[in-house]
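These notes are about the structure you will find just below.
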Amino acid sequence: MFSNRLFNIVVPIVSVLLGLIVGAIIMLFFGYNPIEGYLALWNGAFGNMYFFGETIRQTIPLILTGLAVAFAFRTGLFNIGAEGQVFVGWVSAVWVGISFDLPAIIHLPLAILVAAFAGALWGFIPGFLKATRGVHEVIVTIMLNYTALYSSNYLIRNVLSEGGDRTEPIAETASLRTAWLSETFGYSQVHWGFVVAILMAVLMWFLLEKTTYGYELRAVGFNEHAANYAGISVKKSIIVSMMISGAFAGIAGAMEGLGTFRYIYTHASFTNLGFDGIAVALLGANTALGSSLAALLFGSLKVGSLRMPPLSGVPSELVEIVIAVIIFFVASSYLIRWVTLRLKKGEK
Amino acid sequence: MQIIDLLQSMMPMVLFYSAPLIFTALGGVFSERSGVVNIGLEGLMVIGAFAGITFNLGFADTFGSLTPWLSLVVAAIVAGIFSIIHAVAAVSLRADQVVSGVAINMMAIGIGVFLTREWYGKGQTDSIIEPFYTRTIPVLSDIPIIGDMFFRGTYYTSYVAIGFAIIAWFVLYKTPFGLQLRSVGEHPMAADTNGINVTKIRYIAVILSGMLAGIGGATYALTISLSFGAATISGQGFMALAAVIFGKWHPLGAMGAAVFFGFAQSLSIVGRSFPFLQNVPTVYLIIAPYVLTILALAGFIGRAEAPKANGVPYIKGSR
Amino acid sequence: MDNYVIEMLNIRKEFPGIVANNNINLQVKKGEIHALLGENGAGKSTLMNVLFGLYQPEKGEIKVNGKAVKITDPNVANRLGIGMVHQHFMLVDTFTVAQNIILGSEPKKNGVLVDLKKAEKEIAELSEQYGLRVDPKAKIRDISVGMQQRAEILKTLYRGSDIIILDEPTAVLTPQEIKELIGIMKSLVTEGISIILITHKLKEIMEACDRCTVIRKGEGIGTVNVNETNVDELASLMVGREINFKTEKTAAKPEDIVLSVKQLEVKDSRQALMVKGLDLDIRAGEIVGIAGVDGNGQTELIEAITGLRKTESGDVFLNNKKITGLSTRKVTELGVAHIPQDRHKFGLVLDFPIGENMVLQTYYQKPFSNNKVLSFRKIYEYAEKLIEDYDVRTPSSKTKARGLSGGNQQKAIIAREVDRSPDLLIAVQPTRGLDVGAIENIHNRLIKERDKGRAVLLVSFELDEIINVSDRIAVMFDGRIVADVKPGETNEQELGLLMAGSTKEKAGEA
Amino acid sequence: GTSDDEDTTGDDTPETETDGGSEEEPEDETEGIGDFSVAMVTDEGGVDDRSFNQSAWEGLQAFGAEHNVERGATGFDYAQSTDAADFLPNLNGLVQQDFNLIFGIGFLLEDAITEVAANFPDRQFGLVDSVAAGDNVASITFAEEQGSFLVGVAAALATETDQVGFIGGVTSDLIKRFETGFVAGVKAVNPDIDVRVEYAESFSDDQMGRSLANSMYSSGIDVIYHAAGAVGLGVFTEARNRIENDPEAGVWVIGVDRDQYDQGQQGDHNVTLTSMVKRVDVAVHEVANMALAGNFPGGEQVIFGLEEDAIGVADTNTEAFTDEIATAVEEWKQRILDGEIDVPQTDDELEAYLEAL
């Protein structure tokens, strides 16, 4: 028999392959050369240090929003609101970044912490309403996404700048970028956020798997009734879980505000980081390590896809389809399981 | 402004804003009532909008003023077919339905824009020349007060949406099919032991949700944006999903929720011309619909009970 | 040649890793009540699910009225006149009785509408005809288990079934209801209907059935005529050895009051008052059994004592300390252990390894965690000790709880609860659905705890269990303790009447 | 059409015109532009946004056509951004493809251009709609307030209700210039005309545009000027719908960036009164030619306005845009060109302007 652990690795790998194959078929069908297309994709993601740096840069917030969604999922909650939490985190981080004059050793951590706090606050609302009023977290988080988008635009224009479309850049002391790192990666936007992201992934793993809090949250996630019976406060767990989830997404916003952009601009629409986080978490089986790897995959596909049209003529939307197919197959892992079992049987 | 005047100027806007949401939310109700979570509504709307617009562009000359209606039909068919992907994953392949829905959303926008590029050589289509127009219903619009509110300057599609909601309610609560569909969403095994084909019902429900969301997306495209691009459908599917939950998985509830969203939305626009709101920063009006929804949920709507088997794949013989 | 309505010949059904049915034969005559007897997990339900078309057998033949048939799904079974009342009811909670009954074969009007009026009328007629009292308009979630069961039976009759399978129908009923059910079955067979009855209760078989087929560990043991056998023979056929039905125990030596409930009032989730001014005292060193029909406030009482549900008024004292309104965690820490009724829903996190389930209430205490960090080494050491001491059969302490059999899941819960050395041990339906060996084991464990000086509160719907194990029986009806009797001074008949709301005097006369 | 571009670009550009002209002369096709290549990075709108991204791309295409080079790494090309985070990778990708001159289209790219320009001092960059630092960056801005002023004049003359509206996208300094110019233009003709100003706070929410337009038209406004990207699609939809119901409704839309005449066609009627045309194509084309000629205006802000014919007012809809209006617009244009009027660009300037009326 296939062991479960092995299977957990086989499914994503097979899914990625199937996704790429479907992509190749589409390219062939529309008269493109799939090899050229994928070569452009590969080069666009890993072709040289510059693109590799960009891939890392894109991966950083995806890891964090992935962790946010995964964390909530693990405790039985669906956080569609990472999108909004990214905004509030981003705004807050930039606010700290531009309004304080502090040594880097305090400034940077403070900015990240405030972003985490803001995200947590944004997660608190649906958590609290779910725990106390039984309001479905999905609607509340959807509504809060829009609220966050429009409110942060308002703040940018009226509080953080004087009617401008973006804030001034944050102080160097709050920046995650360093010249050395950028230079190493061919002047890309890569920043030290990847350390933060990895730390957060480790933190999530530790928190969930190794601590009593994690034990409680997992118990609530699997079986609310049993957790309640065991004396665990389900309400508290729901609220705490949404807050931690929100904090991760808030930090994702901080990565944009302190690393990638170092300011915030008014957004005409969502960043999609939060929505992509859902896919990342699901592809990563809602684990910290899995989400990190899935984020890397998404990050490289997204960054790589930018080079597809100029280098191979293939519209970059193809990558969107490929990602969707990958997710589809991961979701339908039963199919892969069934086929592998069939193959096994056939061998005998 | 008098309250009546206000309502008269708002109602047509409420109706036209709500129509796409009503269609789509009804789709969500069918799907979720049968036990299949459908967060792919957004993607299905995208496909509907895409199909509606491309058909309209291609056949406006052939069908003339009939084109928008045919576009809706085509959108329903195409999105219905597209939704089979979700059905296969969620029902036959026992996929995590949320994941599959996310895949639907990404796939739809990918395919929609990819094909637009392939067919039109650009990321956004031209404007259609046979869209829907608002109409004034001859006799009814002369009724005092009501006539101006509901029968002047509205789209036929808004009436169709309301009609569909009533039909959906009728189907779900008065017909054998509805009874069976709801039983499948509550207790699939009970349905199964009663000889109901759970798989078939769920497929039908998901395809219905695809068709309705397709109509919803096409309605949006044919009444508001009049063209298709990556940004045509941006979040309406999620609002429809919210309407499903807000409306407690009931067709008329979902319609009510959609109308509520429309109401809040138009209030935030009409409200700008109120003298006493003139000094309020616009942002408060813009976020008002969303905040109002949250407050409404927290305040008096409260706990909503999802169909018991919602999101749970049915595996024959498991307990 | 006998005239069989049903013949199942050499049926074999496998599940991954287990043969649930191996070459089983079952032949049912027209108009008889045929018992299917076997231990838990023997394969009875599986066999019936095969007959009902829910499972496809790997091997074997099924004949209905002498004709070989293939029953591919419940629809086919329905058409062949086979109806089944499942062990776990197949009713949609939010539907009415009538809607549930007609589901899948709805009468129509105008070609499209469900004709609920007609259905309700037909159902009323049917229930009149067979004496099955139901309210067709009531929602399932609002009616008693007994009525739900009658709805299930009506469901089969409505479909015109003449072969009805009843899978453990009596497990949830009071003695009076059981008696009523047997009456119903007897009247059904006089109308030419054949019944297959699954039950663990030998007395019921003796009382109601014509013949009995016994299966053991998936193998058919044979079929006997009920009037040619007796309870002891049936028991040994079922288990494969002699069985002692009476639990051995010494007299209780009650000491100080451990639990004292005073004028307690509790509402259920739908705000109906379920516990209505209840008084109850339990002393150290005694087992108090609460007898009562499900739905008379037992669940709410236990939840109120354990802090799972808030109380309306009245008080609960533990060792003279008021614990009313305290959180579950506090109550647990003060020395209350609780073996819950539904082990899957409450007792275990099925997706946690059995080891982590063993510390469900103590994970945050030393030595299982230190400064909020779990010590898995300590947790698993402890879990393995419990597994050893309480004979929980599991491949390893890391196996998910889901993978254990029901009996072993229950043993794991009992190990966890008992090992905390609580002052008060609450056991709700601790042996539900378990086999005889497991039941013996658990009863002995409860008695051992009593002998150690613990107070034990046993809630059970099984009168046998209550009478066998308790030192004192408190009969609960309509949210109150209506009688307090000694097991030696009463019988099932009397208890049954008390549970149904008769006064002690009236019940005594019966 | 791009046919008149060539005539006008030469005229008003400072210094470089003669050199630029002579470079363009040679008929020899094979010579082309040597190894000079030019590319652009769009903002989130994309290359077919029917707005300034598309216009810029048309400028590059015209440049290609003029010099007879193909799209691709040796001629001209573009990279499309779907997200602000894509700007830098796109710019760097084009740098790595060895494009000599790279345009960033839209003020959103300001920081990205600044950064890349600093990293690659040997390349030339152009930024449209904003000003970036760097000796190798040419900042291309437009005097939108001038064009807006003129369409304001047109609106003031066309309105029959003495109420006109302005719908902006996301509030910003740039869109503010459209607003103040428009208001100033309207009031210059008739200070009693009401101008209602609304911002959609989006460039993509066509539904919002539709609703705002509905609200405006319902309140008696009959001319709406939009500077709101795709939000404007909703404005057109609303106007067309009103015309469909009542050909005599008399509602008008003023388009922006490009001549949006096509957007306004409804049966045999057209609701596009005029459009404030911002010739990003002209500007991009012109700057590319300057770079090719070795006269790249690095480190400078090049303002394209009425004078350069890079800002204009569309007169396609001759039925609505009557001779009377055209004449008036021409008069006001002259007064701006003559420096008689300094069109206000901020709220404060507008206030001062209105007080002076």
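Which chain is which? They are A, B, C and D, in the order written, and residues in each are numbered from 1.
One rule holds in what follows: a contact is a pair of C-beta atoms (placed from the backbone, for glycine too) under 8 Å apart; a residue touches a chain by one contact, two chains touch by 3 or more.
All values reported here derive from a predicted model rather than from experimental measurement.
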{"item": "Interface ranked first by C-beta contact pairs", "value": "A-B"}
{"item": "Between chain A and chain D, centroid-to-centroid distance (C-alpha), Å", "value": "36"}
{"item": "Between chain C and chain D, centroid-to-centroid distance (C-alpha), Å", "value": "77"}
{"item": "Euclidean distance of C-alpha centroids - chain A vs chain C, Å", "value": "47"}
{"item": "Chain A and chain B: spacing of chain centres that average the CA atoms, whole Å", "value": "28"}
{"item": "Shared interface positions of chain C, touching two or more other chains", "value": "none"}
{"item": "Where chain D touches two or more other chains at once, by residue number", "value": "80, 82, 201, 204"}
{"item": "Of all residues in chain A, the ones touching two or more other chains", "value": "150, 153, 269"}
{"item": "Chains touching one another, given as label pairs in label order", "value": "A-B, A-C, A-D, B-C, B-D"}
{"item": "Contact set on chain B toward chain C in their complex", "value": "174-176, 179-180, 182-183, 186-187, 189-196, 308, 316-317, 319"}
{"item": "Touch list for chain A against partner chain C, complex", "value": "210-215, 218-219, 222-223, 225-233"}
{"item": "Touching residues on chain A, where the partner in the complex is chain D", "value": "44, 48, 50-51, 54, 57-58, 150, 153, 157, 163-166, 169, 186-189, 256, 260-261, 263, 265-266, 268-269, 271-272, 303, 306-307, 309-310, 316"}
{"item": "Footprint of chain A on chain C - complex, ascending", "value": "306-308, 327-332, 338, 340, 345-352, 356, 360-361, 363-364, 369, 372-374"}
{"item": "Sites on chain C touched by chain B in the complex", "value": "49, 52, 54-55, 73-75, 78, 84, 86, 88-95, 99-100, 102-106, 108, 112-114, 155"}
